[in-house]
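Below are two complexes that have chain A in common, paired first with chain B and then with chain C.
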Partner chain A sequence: MTEELDVTGQDSDGGSEEVVLTPAELIERLEQAWMNEKFAPELLESKSEIVECVMEQLDHMEENLRRAKKGDLKVSIHRMELERIRYVLSSYLRCRLMKIEKFFPHILEKEKTAQEGELSSLSPEELVFAKQYMANTETYLKNVALKHMPPNLQTVDLLRSVPKPDLDSYVFLRVKERQENILVEPETDEQRDYVIDMEEGSQHLIRYKTIAPLVASGAVQLI
Partner chain B sequence: MFCEKAMELVRELHRAPEGQLPAFNEDGLRQVLEEMKALYEQNQSDVYDRLLRIRALRWEYGSVLPNALRFHMSAEEMEWFNHYKKSLATYMRSLGKDGGLDITQDMKPPKSLYIEVRCLKDYGEFEVDDGTSVLLKKNSQHFLPRWKCEQLVRQGILEHVLS
Partner chain C sequence: MDAAEVEFLAEKELVTIIPNFSLDKIYLIGGDLGPFTPGLPVDVPLWLAINLKQRQKCRLTPPEWMDVEKLEKIRDHERKEETFTPMPSPCYMELTKLLLNHASDNIPKADEIRTLIKDVWDTRIAKLRVSADSFVRQQEAHAQLDNLTLMEINTSGAFLTQALNQMYKLRTNLQPPESAPSQDF
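== the complex of A and B ==
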């Protein structure tokens, strides 16, 4: 397959850049997004363009396989590849849904107060899903409470009762772009702040909070 | 022991002779309300925990739950489940251009294309590739494409035979 795909990315100034990717590069981007999402404790930016392009890619592959000669060895190999890509894509989307369901009041609160131009962590479809999930769960808890509890007790406050993502959890990463002067905050009061440089290609075990923006910018890859 | 404080307050009121009102036991009342709050919160987290398990069932069994499980669920839980699976279906349909993507499939990374399966229950006709179908009768064994069998394996209709 030699066709190339257009992926519209956004650079840090908010401007649009059109990036043309080969299918291989697209799948690599998908796998990177998948790993980052798997290992980050919070919901990362939505990568709708990648999802859309991969879906298109899968359709093309499916079409090619349907037209191919039966029994051709290449068919088996392409089918394996298609399955593998579909697995990664499904896993990526599942991972996001699980986080949305786990942290829904906080995620929706963040969407409400998001600034203009700030990249959303939810795709439009995910936002619909999140809102429905919230409404559904609130209704359920209210119905159960009304049925069984006397009315003088407090109403459900989901923002308080549903835990927030633990941004202090440790993650493994590999550095893609050299970083200088990363401020590392101490864990205990006895320690002091210190700065580190991160060489390209080096690997680190570090608190997620310290490097969260570097994941978003693509400077580091979670592993 | 829960409710002891509440019982004590009630007993205090009963012990007072007719017509007399004992002093308002603010402290006692506060303790009882705190206990009620703790019980309520505990109950809430149990109730929420059940909800998370019901959600897991959608991913484990598919959109049709086995009867045995349905009997264990309250009417409200059933309603929540129905809304959840509708919401999930809408989301999955919205992925990509047409049809969408069923992300409740492909739960494990693919190891091989075809797998050996044994049929545990009578299922009937099952369409495989390009129109051909197999008859899934109890105890029959088949060599089928892995991706087609996944959900049936999870529902307990097929069993993956590992030689």
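== the complex of A and C ==
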């Protein structure tokens, strides 16, 4: 009884794209999003449609289990699987929240200046959380320290004081779709730029900045 | 990612069990399993196999690469080659650890297998250490590491990436500050 799910892509100017996924593929996508989010130095695009579909599947299964009292073994097997999926989902959301707390002024700034049709990196709930976190931090700093400072020093520019995500960090990745002509920038002045081709299935260690668009498009998987 | 999370991912691998109970097909979110008939082998994910074994509801069969002669060949091949050779399974370490800890009675020559796998692991980690060292020394910007398993990458990966990030920061801040006065006496 494998049901097919409609995972509606984000609404862009051109309308939404629908991709039909089996539940197993959905869980696979969730795990990939989880690993990418864990290893990427910046907050990645919000995969709210995957999160919503997984929540739907979990609720559906919970409902079924609540009704079915018989078959102790079957119920416990289903419950074990539910716990596993719930762990991945919670870990994914926790990882995102941690990054939001770490880089909140830059993330909110990006949201403000985001163009029409650009994919948001925050879900609506995360946006609310980020704004409240910013307000709370500002209030806290004001009440604890700033209001006791001389009047011309009573503001703090959070955009400049909070460190930005380090896009030059090194990451490991596995290639899902063959890529050609990826530019590798030199480390020292004596080296020159060179290009490499990435074969499907190969694994690499490289700086995040060069391959960031490939992570967003799903062509590589961070490991 | 810590080792427990890598093991979590490895627990999705399918292994063969021989159940001693019967159960009709179950429709998990991640796929269909069964039906289970006593005495007939069936493929289930590792997490379920270990759980059933702990409840004494099944017997585990080792994967076909978990055999003393095959592993000896793999170990010798790994020692001879300078680069990393492909491993029989991308989760060989996790599979060995879980299967040998929970089901060593179902696996012939469990102790020898444990030693062989440990030898292979030690050889590969030593190679990884050497290549990481030369990577940092020669200040490379890119490395290709096919045939490395997730557990190996994660064991040394966190330290390696942090070290590389620090080195990069130190290197890119080498430009002398413009306003520094030079002191010529």
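In this section, the second predicted complex is superposed on the first by the 208 of 223 C-alpha atoms of A that agree within 3 Å, B and C clash if a C-alpha of one lies under 4 Å from a C-alpha of the other, contacts with A are read in each partner's own complex, and residues count from 1 in each chain.
Here is the rule we use: a residue touches a chain if its C-beta (ideal position, glycine included) is under 8 Å from a C-beta of that chain, and two chains touch if they have at least 3 such contacts.
Note that this is a predicted model, so its numbers are computed, not measured.
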- [ ] Kindly classify A:Lys164 by the partners it touches after superposition: chain B alone (first), chain C alone (second), both, or neither?
- [x] neither
- [ ] Once the structures are superposed on A, label A:Ile206 by its partner contacts, choosing first (chain B), second (chain C), both or neither.
- [x] second
Open item on the list: On the A-aligned overlay, A:Met80 touches which partner chain: chain B = first, chain C = second, or both, or neither?
Closed with: both
Task: First, second, both or neither for A:Pro186, with chain B first and chain C second - done: second
Open item on the list: Quick one: is A:Arg178 in contact with chain B, with chain C, with both, or with neither? Answer first, second, both or neither.
Closed with: neither
Task: Contacts of A:Gln132 with chain B and chain C, given as first, second, both or neither - done: first
Open item on the list: Touch test for A:Arg94: chain B only (first), chain C only (second), both, or neither?
Closed with: first
Open item on the list: Output the chain A positions appearing in both contact lists, the one against chain B and the one against chain C.
Closed with: 80, 84, 87, 91
Open item on the list: List the residues on chain B that touch chain A in their complex, please.
Closed with: 36-37, 40-41, 43-45, 47-48, 51, 55, 74, 76-77, 79-80, 83-84, 87-88, 90-91, 94-97, 101, 103, 105-110, 113, 146-147
- [ ] Going by the contact rule at the top, pick out the chain C residues touching chain A in the complex.
- [x] 1, 5, 8-9, 21, 23, 26-32, 47-48, 51, 57, 135, 139-146, 148, 150, 153, 157, 160-161, 164-165, 168-169, 171-172
Task: chain A residues touching chain C - in the complex, by the definition given at the top - done: 1-2, 23-24, 27, 31, 35, 38-39, 57, 61, 73-74, 77-78, 80-82, 84-85, 87, 91, 166, 168-172, 184-188, 191, 196, 201-207, 223
TODO: Going by the contact rule at the top, pick out the chain A residues touching chain B in the complex.
DONE: 51-52, 55-56, 58-59, 76, 79-80, 83-84, 86-87, 89-91, 93-94, 97, 101, 125-126, 128-129, 132-133, 136-137, 139-141, 143-145, 147-149, 153-154, 156, 161
